[in-house]
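Sharing a structure, written as structure tokens. Questions coming.
Chains here go by letter, A, B, C and D, matching the order in which they are written, and residues are numbered from 1 within each.
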């Protein structure tokens, strides 16, 4: 079981990472981050079969954190949208290196 | 155990192949002679104006966020509720405090007018 | 009393400062809701300060509480309590320099102060936790609150942009951190640091999950402490955020990440020192070099201080790499001094900008010292302390870290540290040079007007006093820091880690 | 004076070792009467109090002038015509007052030490524990021994004179209180440097004097060039600090302590089996010393530092701060003795510096630049002395140099002051520091001429003035070391000896040139200006005269037996040498054990008296010859003098192109590197990585939308790459 679940989790995580790197829409990027978190959830659940029940408990916490991030993140995205009329991150250039 | 899912997988595979195949086939087999008229979204209807993305009111967002928060409340309450009697008073107090915190959050949102649609 | 966590009540006791601050934060929030009067803003700030004072009392009281054993999820040790002082002081100073800013910028005061309180709670949780999952929750509490704070000024597009960048990248990095935790959990069978240490001793590192887990964890924390090459978000976020928030991010938030990082590395991952040593060695060196070199060419003081904070992160990483008691105590002492100094410097930046985001260009400081001698003198003091000039707390802190590095024979890191410190003199003194050696531009003289808020003066004098006191009479603070790390690294009774 | 007559005194030029050994035998552990230093902390504290008082006055004055500007006036409306404000009157008493008080206290302590026959350093304090960790304890305490006593006397004594001089010199400066605040602060840090009882405390002073030097060089900050000079000084000094800090931590790691007493006790044991380590440590100290004392190749800041007010140049850049490097080496003599290679480097750098700077001084026209290069050159002499283990000679030259170089600078200051006024009165734009604009001032400024003449003869090494004895001793020791039996680098020391001799003659030449161009020959001033040139007021003249007396008599401090005939036996025999014996004997013992006694003759034969006579005759000949030749020469004013220089003259005028070389080799690359880090490492990638990502994307036949990766994506990309790098580092080792 673990031999399938962990690579799957890693693959999902990698897809999420790739998504954050290549997508320009802030919301899509955020969705990709959620995908990463859920990949970790998968890993927790899979590992908990071997290790113990806490793994499943952790998933609850991660979900809560993800929800909180979503709330704040979307609020920030809305704030940005109000100024810029876009959520394409490559249009933001007020702050540059 | 896993074998019992095989028919399901087969159906899934067939449906995917079928759907993709039909879409591809129609593209491949279809003779393509576009005219300006044909290229319009509605060949003989109104010419569409503006963005296809309709604006949603910010209030939908507020409701959605509230929903997520109180939805997640449940995943902490249910495991406790299932075993409430065995767990005793300690966890009860803990859950009580948890709910109080959420209640404060709700009170804040209420006072701020986050729950009013208008 | 002694805590053995036999009842849930013990957790409440162990988390007393957190509880006090959290309840107080909610109180501030609700107080703000009930009062919509614009004039009430400063009062909410004072209320938040009072709550912090209560938390400080609770923190002091915890010194009289002991725990049985050193394996519980929530630590009640001096390491945590010292870190709490840093967070409380950092938060209090931040609130004090925010009072006028919040009113002037018409920010939502209740939410602003409550978020700072909640973020501080998160930091305390981070410092207290002996469990990776609690560390994660604490870090997220901090991060989410600070995302919101960074984007807090809704009228300023730069603030929103800073918040978005910080949020996207911070969440991204949290993913790596979490994945690392999951892998370590799988390898060690627990997220408890002591259990992990024992598992590593029993050979858990050979399983193939531990090392990548450690690597991901390290990168996650490297992001939180803005170490090169995970620092890209820092200048943008620091520049765009409201200046008091920038002060808070550069000081307390960074301190929290370092405290957790130290505990994890020194306790849980001590057995795989050989694996993380080279990684952190290179990250530390790169952070010092890039942070200092890039700071040289900055023209905005906020950005300069952002890169300076990256550079200081590099110095602190040296203490982590050294991984001995002197370095650990040095880390705590450094964090304290650095927090105070940084907030002090930002207090001047806020004042120069007249409670807004104006005049952040370093050229705007021309002649400032002669126009506002007290502010100019104190700013010079803070800059000298950041540069590590003898007689200031910054020197003592750096000296202490260097001592730890020398004891660990990290000669090359020591050379890099000293050399990059010398580079840092350039950009810190450039500001001092503008303040004292340059003539003010035409017309600037007339813009001096407006009294400096009382709270800012208090902050400046407190920070200046601490910087001087820790520079000249650091004995008490150093004793406290040394006492605070006793036993931290000796995680299994009787076996001192050897490297 | 305790001119103790030990048995080792029969050697014509007693080398430190034999007399040290014999004295140790003659005076077996005789615990001298315990000497209690009298308020030594007060000596350090007084200048600090002066700084605080003057600093407050400066702030009051600055606030007032800002208020005046706000009220619609200009900075000039505050000028001091209508009576001096109080903020400008009080510093006159506070600034020199605290200095003189400190000097008197220093004398009291000196007298006490004289009477005590002290063999071990007295550590006053600890006043408080600065840092106490499990492995290191640093106390704030004062290290009082014969060496620090000499330094304390020089710093407070010469410092007092220069403070008094400044009262006249800076009288009309709008920043008068600020000036005295900085000057007092400098003296405070300088005293911490020389009196601190350990390397960390010394480092405090070390950094502090650097900071004050920076502040005072950039004192007239309206002038961009001058502020830049301040920065240059600060940065070059930082390079020196780097060496100092590293050396300190090397010592800590090997000895476990940083206070002088423990370090020198533990040094031999700690380093006996690891000479490479002590060589590294001492070389790092040498780096620090070279930065502070302006030795090649770190000398470039000192001539630029002349941008500051002239009394500052006299105090900081001639008499005290720049000698800190010599002091560090003398203080660490027990360490340097363990590292002959480092000593050779010290001697070599010293000799090279002495020669190079002297050649540059030949072709400078700015009177202060000539003196600056002369200072660099004389510091080179001191390093040479330290490098040959003649620490007494180094300190001796340090003291006499403080006298005559301070005198030269103050004299030059008087000239500049006077000319500046004259040019100001007539509205001339001529440069008051350019010697081509001077000439024939002797008649107008006889006192200044006389005292500067004395100083010139002293620095040129003419008998019986101070410089003659101190310089002669250095040259003599350099030659003596060449013949030491165990000296592996003997042939190098022959070179050093020759260089030292040649430099001494160059010194005589360029100083004569300075005198002639300034005071003799045709006056190149206009008639209008001539009327305004005159000697300085008494408050400036008095310090000059005192320094002139010291420049004459200073040599009597350490007259060797063989030369006593030259002073008709009027001086105590090798007083300074005996005085410093308790400090230097440890180093001397190690040296003698390592390479045997130094030969008591020059490399080409001849006793000390012979060579002393030869050198003074040669110096006199050069002075006389140069005077005769140059006096007839018709100099043109700076404005008229437009001939392009070529060849060696150009190279000398351009100071051997050091500045240009540094600009190309260091300044520009560092700035370029900073920008590179900024644009490439940080800004990144905006081009590089993005294009890379795009190329990868195309390669995979992906969508073209990847062409426009925004910054956030780029940051995320870098972050992901970092993760991959870390993972790779874990997996691939």
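One rule holds for everything that comes next: a contact is a pair of C-beta atoms (placed from the backbone, for glycine too) under 8 Å apart; a residue touches a chain by one contact, two chains touch by 3 or more.
Quick caveat, the model's predicted, so the values are computed rather than measured.
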### Task
Going by the contact definition up top, give me the pair of chains with the most C-beta pairs touching.
C-D
### Summary
In whole angstrom, the CA-centroid distance of subunit B from subunit D equals 76
#### Entry: Where subunit A and subunit B are represented by their mean Cα positions, the distance between them in whole Å
16
### Query
Which integer distance in Å separates the CA centroid of subunit A from that of subunit C?
25
### Message
For subunit C versus subunit D, what separation do you get between their C-alpha means, in angstrom?
### Response
41
### Per-residue multi-chain contacts in subunit C, two or more chains
164-165, 168, 172, 232, 235-236
### Task
Send over the residues of subunit D in touch with two or more other chains.
678, 682, 684, 711-712, 716
### Query
Line, ring, star, complete or other: which one describes how these chains touch?
other
### Task
So, with touch as defined above, which chain pairs make the list?
A-B, A-C, A-D, B-C, C-D
### Message
Quick check on the complex: what are the subunit B residues that touch subunit C?
### Response
90-91, 93-94, 101, 104, 107-108, 111-112
### Task
Can you check the complex and tell me which residues of subunit A touch subunit B?
60, 63-64, 67-68, 70-71, 74-75, 78
### Task
Spell out the residues on subunit C that touch subunit A in their complex, using ranges where they run on.
133, 136-137, 140, 144, 147-148, 151, 154, 157-158, 160-165, 167-168, 171-172, 174-175, 178-179, 182-183, 185-186, 189-191, 232, 235-236, 239-240
### Task
Using the touch rule from the top, collect the residues of subunit D that touch subunit C in their complex.
59, 62-63, 65-66, 69-70, 128-136, 200, 203-204, 207-208, 211, 214-215, 218, 221-222, 227, 230-231, 234-235, 238-239, 241-242, 245-246, 249-250, 252-253, 671, 673-675, 677-678, 681-682, 684, 711-712, 714-716, 718-719, 721-723, 725-727, 729-731, 733
### Task
Give every residue of subunit B touching subunit A within the complex, in rising order.
58, 61, 65, 68-69, 71-72, 75-76
